[in-house]
Amino acid sequence: MNKYDNAEKKASKSERQEQHKAELEPIQDFHAEPNMTVSRFIDKVRHVGFQSVHLGKAVDIIKRMKQDNAKIFLTFTSNMGSSGMRGLFAQLFSLRFVDIAITTVGAIEEDIIKTKEKFYVGSFDANDLELRKQGINRIGNIFVKDTSYVKFEEIIQELLEDIYQEKKKLTPSQLVYEIGKRLQDESSFVYQAAKNNIPIYCPAITDGSLGYQLMLFKDKHPDFELDVIDDFKKLILESSPREKKGVIILGGGVAKHHALIANLINEGMDYAVYITTAREYSGSLSGATTREALSWGKLRSENAVTVIGEASILFPLIMTKVLNDLGFV
Amino acid sequence: MNKYDNAEKKASKSERQEQHKAELEPIQDFHAEPNMTVSRFIDKVRHVGFQSVHLGKAVDIIKRMKQDNAKIFLTFTSNMGSSGMRGLFAQLFSLRFVDIAITTVGAIEEDIIKTKEKFYVGSFDANDLELRKQGINRIGNIFVKDTSYVKFEEIIQELLEDIYQEKKKLTPSQLVYEIGKRLQDESSFVYQAAKNNIPIYCPAITDGSLGYQLMLFKDKHPDFELDVIDDFKKLILESSPREKKGVIILGGGVAKHHALIANLINEGMDYAVYITTAREYSGSLSGATTREALSWGKLRSENAVTVIGEASILFPLIMTKVLNDLGFV
Amino acid sequence: MNKYDNAEKKASKSERQEQHKAELEPIQDFHAEPNMTVSRFIDKVRHVGFQSVHLGKAVDIIKRMKQDNAKIFLTFTSNMGSSGMRGLFAQLFSLRFVDIAITTVGAIEEDIIKTKEKFYVGSFDANDLELRKQGINRIGNIFVKDTSYVKFEEIIQELLEDIYQEKKKLTPSQLVYEIGKRLQDESSFVYQAAKNNIPIYCPAITDGSLGYQLMLFKDKHPDFELDVIDDFKKLILESSPREKKGVIILGGGVAKHHALIANLINEGMDYAVYITTAREYSGSLSGATTREALSWGKLRSENAVTVIGEASILFPLIMTKVLNDLGFV
Amino acid sequence: MNKYDNAEKKASKSERQEQHKAELEPIQDFHAEPNMTVSRFIDKVRHVGFQSVHLGKAVDIIKRMKQDNAKIFLTFTSNMGSSGMRGLFAQLFSLRFVDIAITTVGAIEEDIIKTKEKFYVGSFDANDLELRKQGINRIGNIFVKDTSYVKFEEIIQELLEDIYQEKKKLTPSQLVYEIGKRLQDESSFVYQAAKNNIPIYCPAITDGSLGYQLMLFKDKHPDFELDVIDDFKKLILESSPREKKGVIILGGGVAKHHALIANLINEGMDYAVYITTAREYSGSLSGATTREALSWGKLRSENAVTVIGEASILFPLIMTKVLNDLGFV
């Protein structure tokens, strides 16, 4: 037994936080192959080093959390609803791959808009004053017409009136559920969530155009109420300390934090995958890694990885393999 | 008139979004000076190039928004309340430099804890499993004892009981105000805000330990209610389209978005300074620049700048100069 | 013709730098499919928005530069040679997909080491003092044994002796060629480059362990010389202003800048794809986008895109599709 | 002795890499003060948390390395020479605060240009096609006229002719020294380095406009030679294993790596301060932290810190305090 054999053992011991293998794996050369599937691609590229390694671990951990029947929380930020990831969210809900979703209200709004309107591929470098004159709003490199938001206002007031006839007091997640039920559009993730009984929590329900519409609606119907404390209780009761729990967290913000706090109260996550562009050096929760979660007891396991990168590429890549390998597609 | 004179004119025209000067300024060499004040430092370093230029513009714009009597919105993320920036927030409220604050609930919680407990300088590279064993929670490189959060639970339940005796239904910003009034600690920004009638909005009031405490409290007092729609209306009515409005946005998240949405409804900001580590390439609202805000009409002016960098250094630096130059300190 | 039709035209005009399409494309929902190939995956995901759009454009532009018979420059940083991307570089050279490579000396060194030694998948969070004791060097999450570098010293001195018998004065790229010829390992990109007559430029040839070995070698053989000025001339003459030229730039540093300067002297690139994690706000060349290259005349075309993200995932993803679609694999 | 006292001890033990204090320091609230000096500002802000803590440590370590008479290496990237940090570099050389400088050739070129020409404050959002038409080159938000580079070509050919009359063979650092001697401009850091016998190493001497000028010059004078191997030896001999050595590394690239390799060969740095915007997740040397340097033996001490942020603000801030506190200004 040489010096390095010792090194391997000790190094892997000192790193148990990130690594749960007894032996170090070699870095392997990647070669492109004809008609390579996404599944095989990830099996190969994960030995390249750097974030490709984390990509591979993310696939493993998501597969493991599903096979272990963990309650799965999926969180995402508003911009991801603006993007075509909306389709993947709808698919995950229709497949009942996840159990609980948490997001910000912009994602809900834009999912609703898309049941009637198109968004467009634009450019980060567009002249924003020009866009303003043309009635186009920019979300990174996605363009949305002013008139699409006008459409939203029409749709949502009708929906609120209809819901109000049934219930005058709801929690935010119940409101999203009631909206979803009424959308009748298979491409909508809000609809698919309602159809498949997957609750969508939205801890800052007024933080968007919906806030303004709710305000206008309540001016007409002062007895309309949203109970945020009851929604928090509902979220806490979605899982329990005894259950296995996993999270898939895309980006940061309150959607991320809400999943972590719910899991902390229930004694910690068993599986965690974060995909984010935020970095930890500013001390923000958005940039906090799965490692930091250990100190809090938010995480009670080594089945965790943070993949640094942009979700619009990485999440479809990961889920194409996971759904394929587990036979969901 | 030579070719370059033309270039200057045309270039400055094509850049009116970011630049409002008729002539290009030269880059100037920086030299350290004895006993240099922060104010003089920024006057000099702003000609260095790159983000130092934005630092100088941020100072100009904040001074201008104050001198123009704009309604000033200050937003910050939870981690900034965990840090010693808490003191600067308290100072800004006691000086009535800002008019409206928006944050996430973690900042409120940790301000309350700090009225009784200390936080510690730790390390980003700490062993989180070790910390867990020692009962220490990590926020970047800030360490907080488990027992400090236990203390929070005691304080908050007492405060809630006391508030409940007066009011059974509040908006989140009213709750924060009532908490603030009772803290009686000059170092607390929640207290200083209440004392100086500066509302603190918290669009995701349940997104933290407070959420759990509210839940427990409501189990005992089912008629206790928080009205988030009314709080949104209250926020919208803080300003109006006719008024001048400015924002100082530290970091991203719902705190940022809430300020933008409130200003959008009131026909746009006249002054905007963003300080952030988030970048725009992922299309997130957190990374969206002041330029993107133009397309939406969130911003109706050229008095805007995004400074890329970490607020724990940049915001104290900027405000030390602004408060000094305007005679607030 | 409605208002929006106008908007489309004007917006697309004002963005010709980034976009060369007459009409805005809609954002499209992504859905995972069974046995999805990488090629189909990219065809679908490119309509999602954000960096996925840039991913799709990168594929288009690389295909176009190849089909247009452009001289193709590939640049990469040292860490990419440390990773399993080495295999893809070797493949691209053996397929003669690229014409000129530029890198830093660490990539050459580690390619040579790998003809004899293995690198290992480690962890970013490893305890570096522990690793030091175990004789392991860390490159991000790649581990390399001290003894592997000792091996390098033996190999390189033999190679230098052998080359010196033939030539006492070389340019750095000639030295890399002579080393490559002697490696006789199909998995080595330095070997494949030599075998296929693809020059590898290394503008900072002493910036690594090789620098020290060259120094020791020259102590014994004072008439051994490396001519860096001649190598620059050789690089400039690789292409000409009349030729079509394309670059694929992974990461930043001198490898990136050297390709840009060579193309600038030859009146600009016709095709450019940058893949990088560096951002432009610091004014560094590493973070400079393809847009900035326009001002210099480094780029003379709209066939350019910057994809923000980590190359260990993105470059294999892109090239798997490009090589497949063009029939190279 | 309570549980937390134990925690403090163990936590600080487990973090010895980053922290060398026996007790955890409390986070302290920051307040702006009238006429606050930079020195007092940093004394206060360093207790705020996050990067402000690293800022404070950077000051301590640079003071310590100077007081300990360490050989001090300063490295910086090309863009920093383009910026007004040039003045601070000149000041540090004229004060003989540092002993050895390493940079890329763009910094040398632009320092030379600035002896005759002005650079201008521009905008990151400028229209680059417009700039191209106007003959303006963009470096982030710094604008440089085409004619300034034409001026460089005139100056450098004259300088090369003059140097060539004295010496036909030089190392790159000798060439920079000979250029510096001839500039006769107190504001130039290349001049101040020569005047004060501080060598400037430039491991990729051809990687810029100078490369082209050297090529043209050598076409006329084929016996003109630059010896890069001898320059590496000269660098290695600048210090020794027995000496104390410190580095101040601004940004990444070959300038950073060259300082590290030189120190590695001499058994490691005793003091290290990195200021960078690059992050470690891509495994690049540019993003590698001082912690990673431990595994290699590049660093042999705990006197090391990485400050994440943009050098155009942070480095002037740090050095204003260091020079002031040590009585250099």
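We just call them A, B, C and D in the order they show up, numbering each chain from 1.
To be clear about the criterion, a contact is a pair of C-beta atoms (placed from the backbone, for glycine too) under 8 Å apart; a residue touches a chain by one contact, two chains touch by 3 or more.
Everything quoted here is computed from the prediction, not taken from an experiment.
K.L.:
Which pair, A-C or C-D, has more C-beta contacts?
P.N.:
A-C
K.L.:
With chain centres defined as mean CA positions, report which chain is farthest from chain B.
P.N.:
That would be chain C.
K.L.:
Could you work out how far the Cα centre of chain B sits from that of chain C, in whole Å?
P.N.:
Each chain reduced to its C-alpha mean, chain B and chain C end up 41 Å apart.
K.L.:
Please work out the Cα centroid separation of chain A and chain C, and write it as a whole number of Å.
P.N.:
The separation of the two C-alpha centroids amounts to 33 Å.
K.L.:
Provide the C-alpha centroid distance between chain C and chain D, rounded to the nearest whole angstrom.
P.N.:
The separation of the two C-alpha centroids amounts to 26 Å.
K.L.:
Among all residues of chain A, which ones touch two or more of the remaining chains?
P.N.:
17, 49-51, 79, 82-83, 124, 126-127, 131, 136, 139-142, 279, 281-283, 291, 308, 310, 312
K.L.:
Give every residue of chain D touching chain B within the complex, in rising order.
P.N.:
Interface residues on chain D, with respect to chain B: 3-4, 6-7, 10-11, 14-15, 17-19, 24-39, 41, 44-45, 47-53, 55, 79, 82-88, 90-91, 118-127, 130-131, 133-136, 139-143, 145, 147, 187, 291, 308-310, 312-314, 316-317, 319-320, 323-324, 328-329.
K.L.:
If you look only at chain A, which of its residues touch chain B in the complex?
P.N.:
Against chain B, chain A makes touches at 16-17, 77-79, 82-83, 104, 106, 124, 126-129, 131-132, 136-142, 203-209, 211-212, 214-215, 218-219, 224-233, 236, 251-254, 257-258, 261, 265, 277-288, 291-297, 310-312.
K.L.:
In the complex, go through chain D and note every residue touching chain A.
P.N.:
On the chain D side, the touching residues are 49-51, 279, 281-283, 308.
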